[in-house]
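Heads up, the next two complexes both have subunit A, just with different partners, subunit B and then subunit C.
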Partner chain A sequence: MDTFLTILLDGLQFSSYLFIVSAGLTIIFGVMKILNVAHGSFYAWGAYTAAFFIGKFSDMGMPDALGFLIIIAAAVVVGVVLGFIIEQGILKYMYQRDEVLIVLATFGLFLVLEDIILIAFGTDPYFAYQPMALLAAVEIGGITRDVYGLTLIGVATLVAIGCWWLLNKTKWGTILKAVIFDREMGISMGINVPLVYTLTFIGGAILGGLGGAYIAPTISVAPGLGTEVIVLSFAVVVVGGMGSIAGAAIGSLIIGLLRAVAVHELPQVELFVVFAVMAVVLVFRPEGLFAPAKPRKI
Partner chain B sequence: MFNDKTSKFLLVAGLLLILGGAFAPNWIVNQFMFGFSRALAILGLMVLWRTGLVSFGHAFYFGLGAYAVAILDIKLGVTDVFLRLIAGALVAGTAGFLVGFIMRNYRNIFFAMLNTAISMVLFGIVVKTEALGSTDGFAISMSTILGVSPETKYPLFVIITLVGMVAAILVNYYLKTTFGKLTTAIRDNEIRVEYLGFSVAHAIHLKYSISAILAGGAGALMAMSLGQVDPESMINWTVSGELVFITILSGPGNVIAPFIGSLVFEVLRTYAFELAPQAWQLIMGATFLTIIFFIPGGIWSVLEKIGGKKNDK
Partner chain C sequence: MNKGLVAVLAALVVGAVAFMLTSEKPSEEKKEATAPVADEGEQITIAVPSFLTGGAAGPFGIPAMNGAKMVVDAINKGKLPAPYNTKGFGGATASLIELDEGGGATKQVAEYRNLVEKRNVDAVVGYISSGNCQALAPIAEELKQFTIFATCGTPRIFEEAPRQYVFRTMSHATADNTAAAMYVKENFPGMKGYTGIQQNYAWGQDSWRDFDLTLKQIMPNSKASDNVQFPKIFAGQYGSEISAMSLDSADLVHSSFWGGDLEAFIFQGAARGLFAKKTGVLTVGGTAAYRLGKKLPNGIVLGARGPYGILVRDRDSVLNQWFINTYKNLYGTYPSGPAYQYGQAILAAKIAYDKAGSDPSSEQLAGALRGITFESFSTKVEMSLGGGHQAVTENGYGITKYDEVNGENIVTDVKFYPASCIMPPDGVGSVEWIKGGMKGAKC
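Showing the complex of A and B:
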């Protein structure tokens, strides 16, 4: 029973941060048709920025609770600054080019951003345990869990609800859906598509940064952080169906829980199982496991 | 059939390089060995790129080739350079042929992603398996040539250059056959190709298998040149990215391009690393973006312009 609960909570926590990151990736793909390799860098930038300032503020004797504010601020600043620069400076000029070529361009960006991290933050790892220490631990069903990890599940749920609300209950959501469905028709209806693109990219980048910033207190923030996360989020969006928020949620639950089971029961297959699932889904349902049937455009 | 300008150039350049290599200092020979080993994989990716397919996972075949050499060395003590090369190409080629049955139905992002998935499956297995060296990988003993163990690395350089030369001439010939010419045609309009009476699936399957064989051979040669294999520098997705990077850098214009592109990459990386060890990826990434934006035809298109299009295609 204890093992089961541990696996379940580990899995949910892992799914949660995967979902936050992948939601950003999938929104960008859904609206702009860009598979953004540099998304891994947003994650890494979020983690580094948060860890750096949490450490700094703690050294200055500020209350540790400020950490949570820093996490959110780090995500927003990273998303807005990087997202804006990259979309306006580079991607804007690539929309007419081949989809695959844009993937390659974002790979180039990924390399650039990885090194700017090294230059800005150095190669030594950062530890920003303060917010985690602040919330201490709690006992659930006989096992001890740190509360910080549990709040991650709450944050992911909030992100999911927020995305759903934005897409289905606001004017912005309607505009987004119009652009996703038919970009040209959207333009002719008077939608400012370039603005929608910029905002979407920034929004996706903020989510990528949030994933990194929120996970930062639980890990040692070290170089190479973004490299692993980006392929994992690729696996998530592929399993759930690229461009769908619900898909990202289902994908991250499947990948997260599977990985937790693997880590506890058979650690050798931890990575294998994730990508095997990704490959199998691509082979049998390339559009994703739960992708809705699409109306055909003539 | 081999008396076109490209083949002749390859023959002459190859022999001149082999001659020159005898007098060149060690570090130059090394750069050429790494460059030309990798160029073999680029040759295959170039064929796919001309067809409009970009694989973000050819490190799978590269890694298979490299690890075939390592496993043969450790389990069976095989050190012969030709046996190693053939084993690498064969293992990767077989895998590529089998995977090709699925892969030939995929295009664009899905093609890139499925390749990534498969390569990461191998990465996941190797990283977590002690018997396969885990994250540390293996050291590989020096290659012997027909029973003789060479004093220097020069003989291996000669073999790599010869293999590269022969492979390039063969691929050049293949691209001139009718089936080989189905590259740009497929990229532009698959339905028309089908109407002309060709099977797009078969054409892509063959090209994919060729690229797998070449990538496997490249991995085997690279393992021998480096004297070691490890998953991070042989199988991880960043390696696949690197291979695609060199393909774009080289340009699809000619089978000579991958060799020039790989050398430029090797030199660029060495110098970038010496100049700014913290920022070499930044320099590479910026170069990559510049190529994508301003020189879509790669280095080859620049050379063509300088040469006033005297070189034949």
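Showing the complex of A and C:
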């Protein structure tokens, strides 16, 4: 029973981490049809910005609880600033180009942003352990768990509920769905599609930044951390179906839980599990488990 | 787009960038070592690859490069303590080519060929990653290029093939893990079971294999876990692995993690009480000792891949005190293992040049270094394995303790094991030696 509970919590915790990052990636793809490799950079910049300011404010003697506000602020600032600059400065000039070219452009941006991290923050890792240290540890299933790690499940749940509410219960969600369904029809109905694109990209970037900012207190924030996460995010999005929030949630859960089972029961296959799931899904359902329906134009 | 929004965003960007750029970074490069300048006479070029980007740069690559630059600078100026106080490398002034070791083995092979065939370097000294060293050893032999590996650990390099031009001036991973097992036996004789977490490549696999095999020999009643963890290198997230090890009945956790992975594992493990419930054995933990401060838990068995860094801070030899004081003056922190290891490799290059005479060939340099014994900054180095190409040194461990008075980590109960106790004799493979009961070990 202890092992089952532990696997469940480990799986949910890792799934939550995957979902927060991949939700932004899939939202951007769903609306804009852009496979954004630079999403890993939003994660890295979120982590660096949070770690930098948490460390600074801690050194200045500010209360450690401020770290939670910094995490949110870092995600928003990184998402808004980087998202706005990239979308307005580069991507908006490429929407009519081939999708492969846009992928290459975002890959180039990823490399540039990684180098800017080195210039801005240097090569030495940053530590932002204060928010994690602030929350006590609890005993669950016979082992100690850090409460901070468990809050990740709550954050991911809030993100999922927020996305659902936005898409299904607001006028803005209706507009988004209209653009996803048929961009040209949306324009003809008077929707300001360029504005929708800008705001969507910023929203996706904020989610990427939030993933990095929230994880920062648990890791050594070092150059290159965006690379690992983008590979996992792509696996999640491919499994769930590109452009589907529900798909990202289910994809995250499948990968997170299976990985946790592998770590506990057969650690030799842990690396293999993530990509085996992706391969199986691609064989039997190439569009992913929850790919949004495509309109048939006649 | 609303012009007001654009203005606000622009102000945010400018403000954030200005704040970041004007703020103090936690870099160890606050005080740059003076770059070696060749002003007169003969000159040589030494390429020094190290991790300058990526997660390994801060804990490993930058201190390693700093150690190399500091020692080269001192050699060029003739400021090393005796007996190395002659100017230059065989009289020649060395200039360094600093290279990033990141990007994987394929990239490193291409870079290495470029260094040798196009840039005509005289020597290559460095490399941290076992994967890179393993890929480069045959290339160096093919190109007949005098090369000294400084830090990489896999024993396979000199056990799988004889080498003519390639050297390694520190012990390989077997010493780290046989010494760790012996330390565990002496200090935790009641240990009943052990598990581990290793990066899933040559380094991690070899490290676990040697530790496990040694414990099977010297503590046959202890049991290895069936669920040893091998996450991908640079994974960064170890929540599930920590849970699995917490549930394991083993009372000891061995890890050869290094760089950012090591620090992330320590953070996550400490937050979940892993090191309070189980004894942690970190064979490369020395790099974290100065960096993590109070965040490094007490009671961890800490190694530094040899007699380096925090383990030898109290050694009062002239060479060691010169190394510590000069490094601290230049970079504002005590030198960790990688700084020592790169400094040691550069020192070996000087010894080879001094011995080989004027304008030596790679063959002459290799002949000069092969099989020698020399006193390095913190220990004696014997080039006695791999036909005189692989060094052996003593290796030691201690137990971490935070010194509240001085506000820094120290190690207690430090014990060093002589090379003859923890390394196989020449011509015998590590696995074969350990499995055969470590015959001939003089402890």
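The definition used in the following text is that the second predicted complex is superposed on the first by the 291 of 298 C-alpha atoms of A that agree within 3 Å, B and C clash if a C-alpha of one lies under 4 Å from a C-alpha of the other, contacts with A are read in each partner's own complex, and residues count from 1 in each chain.
Quick note on the criterion: contacts are C-beta pairs under 8 Å (C-beta built on N, C-alpha and C of every residue); 3 or more make two chains touch, one makes a residue touch a chain.
Computed from a predicted model, the values in this text were never measured in an experiment.
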Partners on subunit A (subunit B, subunit C) - clash or fit: clash
Touching partner for A:268 - first (subunit B), second (subunit C), both, neither: both
First (subunit B), second (subunit C), both or neither touched by A:234: first
Contacts of A:65 with subunit B and subunit C, given as first, second, both or neither: neither
Subunit B versus subunit C as contact partner of A:103, first or second or both or neither: first
Contacts of A:118 with subunit B and subunit C, given as first, second, both or neither: both
Touched partner set for A:161, first subunit B, second subunit C, both or neither: neither
Touching partner for A:35 - first (subunit B), second (subunit C), both, neither: first
First, second, both or neither for A:133, with subunit B first and subunit C second: second
First, second, both or neither for A:278, with subunit B first and subunit C second: first
Subunit A residues touched by each partner, larger count belonging to subunit B or subunit C: C
Subunit C-contacting residues of subunit A that also contact subunit B: 118, 123, 227, 267-268, 270-271
Subunit A-facing residues of subunit C, complex: 1, 9, 12-13, 16-17, 20-21, 23, 25-29, 52-55, 57-59, 61-62, 102, 200, 227-232, 234-237, 239-241, 243-244, 246-247, 259-260, 263-264, 267-268, 271-274, 277, 291-292, 295
Complex contact set, residues of subunit A against subunit C: 2-3, 6-7, 9-11, 13-14, 17, 49, 52, 55-56, 77, 80-81, 84-85, 88, 118, 120-127, 129, 132-133, 137, 142-146, 148-149, 195, 198, 215, 218-220, 222-225, 227-228, 259-260, 263-265, 267-268, 270-271
Residues of subunit B defined as touching subunit A within the complex: 54, 56, 102, 106, 108-110, 112-114, 116-118, 120-121, 123-125, 127-129, 236-238, 241, 244-245, 248, 278-282, 284-286, 288-289, 292-293
Subunit B partner contacts - residues on subunit A that touch it in the complex: 35, 37, 90, 93, 99-101, 103-105, 107-116, 118-119, 123, 227, 231, 234-235, 238, 242, 267-276, 278-279, 282-283, 286
